[in-house]
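You will see two complexes here that share chain A, one where it goes with chain B and one where it goes with chain C.
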Partner chain A sequence: MGSEPSGEVYLPDSVRTAVKVLVVGPFAVGKSTFVNTLSEIEPLHTEETMTRDGAVVDDLHGITDKTTTTVALDFGRRTLSDRVVLYMFGTPGQQRFLSMWEDLAHGALGALVLADVARLEESFDVISVLEERGLPYGVAINDFNSVDIPSHEELREAFDLLPEIPLVTCDARDRSATARAMISLVEHVLASPLQHAQESA
Partner chain B sequence: MSPPRRRDRESLVRPYLITGGRAHPTRNTLDLTTLIQATRHADPALLSPEQRRTLRLCSGGSLSIAEIAAHLELPASVTRVLVADLVDQGHLATLSTEWQQHGPDRELLQEVLDGLRALR
Partner chain C sequence: MSTNTVRRPELRWMLDDVLLPEVRSAVVLARDGLVITATGDIGEADADRFAACLASLRGSSAAATEFCGAQPTWNQTLIEFDTGYIFLIAAGPHAYMGVSTTKKVDMGPATQRFHAVVQKLGSELGTLPRSGDSDRS
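For the complex of A and B:
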C-alpha cells in the first residue's frame, strides 16, 4: 500500500520531458491520497490566484483585491523513465473552480475523474466540461470504504459514458490500483485519434 | 486561543514587491510543469533576495515551476515572473519539451505507459 517517497527533491539529470495529468473530483473524494500514493516525493502544494468568477489571475496588482482568492493545489511527481516525469495535480472539481482547472488543463495529457459512489452526481459537472473541452479523461471510483459498488454498467449509465471512456474502481491508497487507473487513462489517450485534443483545452 | 500558524500572513512580503511591481512574466511559455535548470553562477550582489533563494534552490538540480513555487512558498504566478527574469538573465534555462506546443506523440505516451506498468 502506498508509495515510498524517495526523499529526493530533484529530478534525475537525464529527465527532459514532463507530462501532466489532472486528478479531478469533489471535496474529500481522495484526490490528495491518490496523488500521494503514486508520488515519489512528499506531497507539495502551491497556490493559484483566481478572481471570484473563476479566472486565473496573473495580474499581481490585483492580488490583494477582494475580488480575488487563492486556491491551493496539491501535486506529486513520479519519474517514469530516464527522460520522462509525470506530474499529477489534485484539482477541485466544484463548479466555482472549473475555470481554474480549465487553465491547468492546458498541455495536460488528460484527466482522471475521481468519484465517490455515495455522491456520483458531484462529478457530473466536471465530466461535462471535460467533454466540452475535448480533454481525454477516465473515471475512477474510489472504493476505500469497500461499500457495495453498482455494476460498471449501472455506473456507465449514471455518468453517461461513451463506450471508449475507461471506468475503473480503485482504492486510492493502493499503489497498484492507482497505477492501473492511470494506465487506463493513458491507454485511452493512446487509442484516441484526437492526439491534439488538449490544444483546444 | 487559536493554534499557532506556521507563517504569519501579515509579515508576508507583498507579491508585487518580489516581482518589482510587474504583473506578468516576460515570457508566457512557463507552465506549472515547465522544467527549470540552473545554468551559471550569478553574482549575488546583483540579485534580489527572492532571486537568490530561487537560484539557490535550482542549483541542486532540475525542478518544475510548480515545485519551485512550493519549495519557496510563493504563489505560482509570482514564481513564473521570478523564473522568467532569471531565464532572461541567463541564470536559469528551461528544458525544452517540444510536445508542449504540439501535443504528446505516441512514442512519449508509450513511454509513460511502460513506466506506469512497471509500478504495478
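For the complex of A and C:
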C-alpha cells in the first residue's frame, strides 16, 4: 500500500454518493495517463513490461516509446463536488482481456471511451460492447499528439454518435481537461433515461 | 440516479474476528469493487485501492473458471508473497473479503476463522438493501 497514514486523503463526511465509471478504449490510447492525471489519491496501476511476443499481438504500429501495458486495472478516485465522488476503473485495452472487462464493468454507471484521433476505428469495438450493455458513455478524443483534430461534426459522424452523447477533445495529461471530460460524462449519466431502466431491473 | 455501494462503517465490528495475530488489515468490498467496510488500520484511500485491486483479482479469477473442470464456482483466491499472503474470499453472492497477513500467520486456523467471518458477513449483507447493485450480469 505504501503511502503514509499522515498523507491520506480523507473524504469529507458529506461525501456519500459514489459513482463508478469505466475508462475504456483501445491499446495505448492513454487510459492509465487519464486516470493518473485525474485521481486525487495515488492511483493503482497494474502494468507489465511488454514482451516482444506481445508486441506482435498488440499492434505497436505508430506507437512509440511504449514499454508497459495495463494487464488488469487502473484505479483512481476524484471528488467532483460536495456530493459526488468518482471511482474510475480503467480496463485493459486489448481484446483478449474482455472476459475480465465484463466483471469490472459490474455496477458501473457509465463509461468514458478514449479514442486516439489517428486510430478512431480502434474505439468502435468497445463502443459496441457498451451499447449492447446499455451503459451510458461519452467519447473523449485524446489529442496528446497534437495532430490536426477533425471538427466535432466529423468526429461525431465517424463514431455515428447520437446527439445526446457527449464528445470532447482532451489531453489526458491535463488535469482540468480530463475533469471536463469526466463531468460531461457524469452529466450525461445523470440525464440518461437508461439509468432508470437499470434501477428497476 | 442510482448510486454505487455505500460505505457501511457500522459493519466494521464484524471484522474484529479477522484480526488474529499476523493479520495486517481486511476490507469488505462489493462486486462493483467499492468498499463496504474495512479494518481501522488501513486508511480510506488505501482501502479504496485495495478493494479495486481485489475486484480485478476476482475478475481474473472468475475468468479462469473455464480452465478448471465443469462449471466451477469460485470460492477464494490466495496470493503468496515473500512478505505474506492475501486472501480473497466470497462473502455472500455480491461481496468479497480481502485479508492481508504476514508470512507468519497460522494458515489453518486463520483460514477457518476467515471463512466463519464471511459466512456471518454474507448473511448480514444479504439482508441489507443494496443501492445501485442490481445484478446485470
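Keep in mind that, in the parts below, the second predicted complex is superposed on the first by the 143 of 201 C-alpha atoms of A that agree within 3 Å, B and C clash if a C-alpha of one lies under 4 Å from a C-alpha of the other, contacts with A are read in each partner's own complex, and residues count from 1 in each chain.
By our rule, a residue touches a chain if its C-beta (ideal position, glycine included) is under 8 Å from a C-beta of that chain, and two chains touch if they have at least 3 such contacts.
Computed from a predicted model, the values in this text were never measured in an experiment.
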If touched residues of chain A are counted for chain B and for chain C, the larger one = B
Have a look at where A:Met182 lands relative to chain B and chain C in the superposition and call it first, second, both or neither.
-> first
In the overlay, answer first, second, both or neither for which of chain B and chain C A:Val19 touches.
-> both
Identify the partner contact of A:Arg133: answer first if only chain B is touched, second if only chain C is, both if each is, neither if none is.
-> second
Thinking of the overlay built on chain A, is A:His45 touched by chain B (first), by chain C (second), by both, or by neither?
-> first
Overlapping contact positions on chain A, where the chain C interface meets the chain B interface = 9-11, 16-20, 44, 46, 73, 75, 77, 87, 89, 104, 106-107, 109, 189-190, 195, 198-199
Residue ranges of chain B in contact with chain A within the complex = 14-16, 19, 22-25, 31-35, 60-64, 66-67, 69-71, 74-81, 95-97, 99-100, 102-106, 108-120
Chain B partner contacts - residues on chain A that touch it in the complex | 9-11, 13, 15-20, 38, 44-49, 56-61, 63-64, 70, 73, 75, 77-81, 83-87, 89, 104, 106-107, 109, 175-176, 179-180, 182-183, 186-187, 189-190, 195-199
Chain A touches which residues of chain C in the complex?
-> 1-6, 30-34, 42-46, 48-50, 52-53, 55-60, 62-63, 132-134, 136-137
Chain A residues within the chain C interface of the complex = 1, 3, 5, 8-11, 16-20, 41-42, 44, 46, 72-73, 75, 77, 87, 89, 99-100, 102-104, 106-109, 133, 189-190, 195, 198-199, 201
